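One structure follows; several queries about it will come next.
Going in written order, the chains are labelled A, B, C, D, E and F, and every chain counts its residues from 1.
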């Protein structure tokens, strides 16, 4: 009977978690999502607690009360400290998974060696490695974000760093395999402890080469790892709820980190293998901005997260008759609270006032238009410069290249913006731009 | 063995759901989403309760108790802070 | 039944009461249309076109007036024309009976049934006959073109290599049919437009054209049940003048269209207010025919005072004769179809359209 | 160094070579600006405004010409003015040396260094000084306003209770700076616009303004390396005339702007073609100053032939003196900043801007 | 070993089916979706066939070849016959499920009575009912669509129809419960046959009151039933692949029928319980069109499936300055090949030419504008009349209501269109309209 | 019993996936979608093979054979016709 209750509870909690995430679709339903999550969790906890094998109720209650005592204040941190809190929380999650895995192993070792099948042992080892590396990794991340004294803020890099990191992980995995194959050999407990230790170490090594700016991505990956460790725990405990909830979490962390990587113009593999250091160096090195084909989602993402977007239209906008699309984009951004300005170069287009005619046709208010002289001092504060079918008027060649036909023409300093998005017809390299995004016609 | 296959099945299906659902989450909500999934991933609490409360040796139960405490912290703070952030959203 | 279309004789009048297209429709409906030689020429409708449409063109003035059962005109008949009308015939034109006393008594004397489309009730059924609306549309549009041609400035904003041209600020006073059309036209040309009116319902209409409504707390109900404006109390009018003067300080172009049916147009811009305006500003006063909204406006003249040009154009629809005639012809033909049934006048005085527009009938003057 | 701004003396010229705003900038850069009394009045710039900007306003003609190191004008100097210029001083204005032989020899005689901005090379660096572009912008815009005011039709389409008004069909011939601006303005007013030009690159530009490009197989390369149009061969020109005549059959308004630098404007509309046009159509020939694109156009006149009105307006920029002056002043002040370094003329004839524009220097006529 | 292969195959086939459906998202990837589906099916068939318990290979091969022989010609029907084919195919699917369920029951009855647990029996009964009702229901549907002689095309209705239908279903369910409780009683086999017979009968009864126009919705519901019978079969055979594939199918059928109901302005429950007859009568009865609040998706749906959409703008569009949104919609529809015309009433708005000004501003080509006189004869061919902020100009009161202020004014015959969508501010009933849709600002 | 719970779990998850995936299918593709899901629902073929091919009495196997034939028909015609429709799509 209680077993049936537990199973039913698992189904129910799973459904609630799915709805919880689904409702995050939309700010309007998002709080309902939290309620669903809380209910799901409550169902899961109660259903587990009432199982007959749970006998130390005081002990469980104590731990739960302690969790509340620490959890409530933690939820009241200032919003600026939210990233640290999330990281810290991942550390706790990782720790819990790691500890449960360790407990299961030693329990099996001392009491039911037969239960340590290869499958179960693999799950335990995976759980422990993921759990502990998440634990220390997240702690480090939280420390860096909180600017704790004894954790270096700046990325710490040294030659062969990647080799060392991967080495540690490989050794841990090898030890793990040994334990899986011989779970009850005399050396197995030590080997298992070795796995734990190496996972703890790897968590630290994984984070130190990463700078603060990349932390959100890292935290999102750690979130994914925490989810996967819950999945492993589910396999160990033969608990489908753990598997589903963990999988939901693991996949959401994955998606989020992929999206963030895209927004930061990084490939996901680059981030996944912790090789952030390399990019950091390249960034520090030179002015030579790379250009890259951006996806529509990535561009969306960039634009929505910006505070100030400067649109720089040119002849291409006119040729493509894209002014109405531009207006749609303008409406969307304004609605999201982004400040949008249109920087009109004196010779943009092919006739005096060409841009004005088109933007007025699309009913873009005059107040949103600014002249070149006015916008240029503001460009370094601009999050995204969106160059729409303009070339000469943002081409830095006008500053440097003596034999360019446009040498000496004042230009709009699109290149000073944090990010430049250019929409154009061909892929001829655009000197000022990070690269072409697909035509706005494809935008949702 | 059958059981593990079920688990695998469940895992694959849940991953599909996760990918599908999260991809449609509004980008405005990524920060609360992260703390929400963080709270949900504390479902490890289920395992911790078993380890902490069943008839096991004390050392095991201590490990379980710590794990339970850690998970519970996550659940409480994760849900609370998500709700706090979403409330501010509403006001905007 | 014969409809006669004489050539307009009033000075500067270039419209014609029927166009070939509309004449053709009437012919198809079984009426005979007689058009005076060259009647449509000034509006670019040749006699050939009328003939092609099935009308008898190239008639002499005499023929038209003497043979027609119903004479269709744009301007009120001159005394001369009134005398030419066949006894018992009918006449449709646009005139305010109060201003045309002499020819009206003439018409009554000749037992002509005369209709003035200026008296049409503003009801839904009459919309397709509403010449005041259609001609006001032309006037509002043309007024802005005149202003744009007269000002030394661009209407649109232009960012060019020779610096940035700021958009013109256009203020429209009175947002009736002509005013709204003026707003729309100025907006099309790229100006920044604001408008003022005493009727509160107009605010939404102005905004629906993308212009700004200048809001002043009128403090009294300035709208009649029929949707027309009333005259304001003296106190409110004083406040209105001050408010408008303030709004005109940085206007580049002002178009005024305020009118109150049957009354002198309200003064909205005093000489004092003109003095406060920018050098080179332009005022187009459309109400000049009924007294003018600007104190300094003179009918048909182009006044330059304190560096401000004040135009008082007369009969703007006639300056766009082609389309003005087209619209007028549609209006008047709808009216004709309404009063003519089976080849004869049907004078049902219970019908408000007929009751309100009929000025003289059977020797009797029905409107003051 | 003193810059002099005389009042323009040419008939009908209302522009002024500097505006208070631009004069203020020059003053700030360390130059002295002397403005003749009332120089800006016709363009709505009062002497007060010049004074407020730091210029010496209210000077007499004599003062301006005799005291200035550089005299800034719009129109070429009259013989009278040329005589007044101080020996060794400089002059900047807009003129075609070929057409102004007499005053140029006068200028050379007085050892004046004269620049004509009409000769500016069309290079990127010179864009901000390009008066031909800026004034062509004004002309293109104004030409459409004139056409809209002259035609008996609405430009926009209107569906009304008095029937539907069809949009005007506007054809623009020659889509240079003025032509493009004309296209844009006509489109703004709601007309259906098509355009023709011999340079193939223009097609995309016309379409970028939402107008239709009338495509004709020119069959020869009609563009010079500098992006200007060339004269066509006789055979091609004949074909062009036939093509255009065909296109004009149902046009309501035609604006012509075709020009070939340094040559007579090409004839695009023959009298024959005019005869084929609709009654009431309007042609505005902007090229009338250089011979006209329409055979029947007369400079400064309003010709009515075969029911078609043909306007040949002269000096359109002067009819919008405020903004035309503003743009002109920006152009000329950029030029001045280019030739004046540290308070003295810097005549580097290796610089093509200076080389190309300098008409007389040190008693020598440098341009034919 | 073969068991593991079977399980792995199930996971793989499931994933392939999910991708298959996912790729139907987009015409560009849709054919890839078919390939994934075929592969998934192949994997599933092969993995099942190689199981050791399959011994009658010839028999299996024979049936498969027969399937090909009939299936290939069936796939070549003309496109007009596709609905019938789909229905026929559902009939086959239902038959297969019903037969397998019957086989399982009799197999259990004769050979392993112990295996007929209550759970399994419930699943078998569900499978059989769903399978056989789908079988006959789909056959009927196919027959109606194909206009087979001996199936009445017109909806056949009689008083108490719903009572009879539900009665049949209830009896079948009651018999089913009896069999579940006593699977091996002497009367059980007869009872089971009774269930089968009643399901067959219900399938027929379910369809006869439904007219041809409603068939697509019915087919979609039958699709859902076929999926659910596969799920039941999965429970019977303890086969997760059947459960997942069946669930995918069941849910997709559900979603499709919900969407179709919305597009037809029907509530889903109304359709689900087969009570079409009622609505049909109401339709036949009177001109009184009901109005209903439409969702954005429903409206989207309607618009996209239309061939001719007539947009009727009015003063409301001007007040809301919605012309740019309207242009977006116009662009979208044109892109999808829908013909869009703007019907401009002579007095729409508040000044002559009000609509022209706005539509020109939004750059809607003049060629898309038509006058009232021109469009009215075309209105009966119009699939959707989209009334945007217009009221008087489409108000049929102008025709009938003598004391209306607009009596006698010619109007645009929006009410003659197949469907009318109205977008307005308030919910004051709109006389000509089926009802307000949400503002276009909410459109994707 | 556990098994049935797994089944239920799998069923619930698969339903979620189905709802999520289908809702995003382009409306243009509803007709091919219907024939595709129709083909996929013929997964009952898996059960039919077992009933038709295992060591059962002939009557049972005949039922199974008919079921297998019916399912196979659906698979073949369903996939083929879907592909045919989609091909036409491409051409447009």
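We take it that contacts are C-beta pairs under 8 Å (C-beta built on N, C-alpha and C of every residue); 3 or more make two chains touch, one makes a residue touch a chain.
A quick note: this is a predicted structure, and the numbers were derived from the prediction, not measured.
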| item | value |
| --- | --- |
| For chain D, the least number of touch steps when starting out from chain A | 1 |
| Partner chains shared by chain B and chain C (touch criterion as defined above) | A, E |
| For chain F, the least number of touch steps when starting out from chain D | 2 |
| From chain A, the most remote chain by mean C-alpha position | C |
| Interface residue overlap between copies chain C and chain D, same or different (over half shared) | same |
| Cα-centroid distance, chain A relative to chain E, in whole angstrom | 39 |
| Chain centre separation in whole Å, for chain F relative to chain B (CA means) | 34 |
| Chain centre separation in whole Å, for chain E relative to chain C (CA means) | 58 |
| Contacts with 2+ other chains: residues of chain E | 14, 18, 240, 244, 321, 346-347, 352-353, 357, 360-361, 363 |
| Set of chain C residues in contact with two or more other chains | 127-128, 133-134, 137, 156, 158, 160-163, 165, 188, 190, 210 |
| Per-residue overlap in chain B, given as positions that touch at least 2 other chains | 1-3, 6, 9-10, 13-14, 16-17, 21 |
| All touching chain pairs, where touch follows the definition stated at the start | A-B, A-C, A-D, A-E, A-F, B-E, B-F, C-D, C-E, D-E, E-F |
| For the chain D and chain E complex, residues of the former touching the latter | 156-165, 167, 190, 192, 210 |
| In the complex, chain A residues that touch chain D | 315, 318-319, 321, 346-347, 349-354, 357, 360-361, 405-409 |
| Chain F to chain A touching residues, read off their complex | 1-2, 5-6, 8-9, 12-13, 16 |
| Chain E - residues contacting chain A, complex | 321, 324, 327-328, 331, 361-363, 444 |
| In the complex with chain D, residue positions of chain E that touch it | 344-348, 352-353, 355-357, 360, 363, 366, 369, 371 |
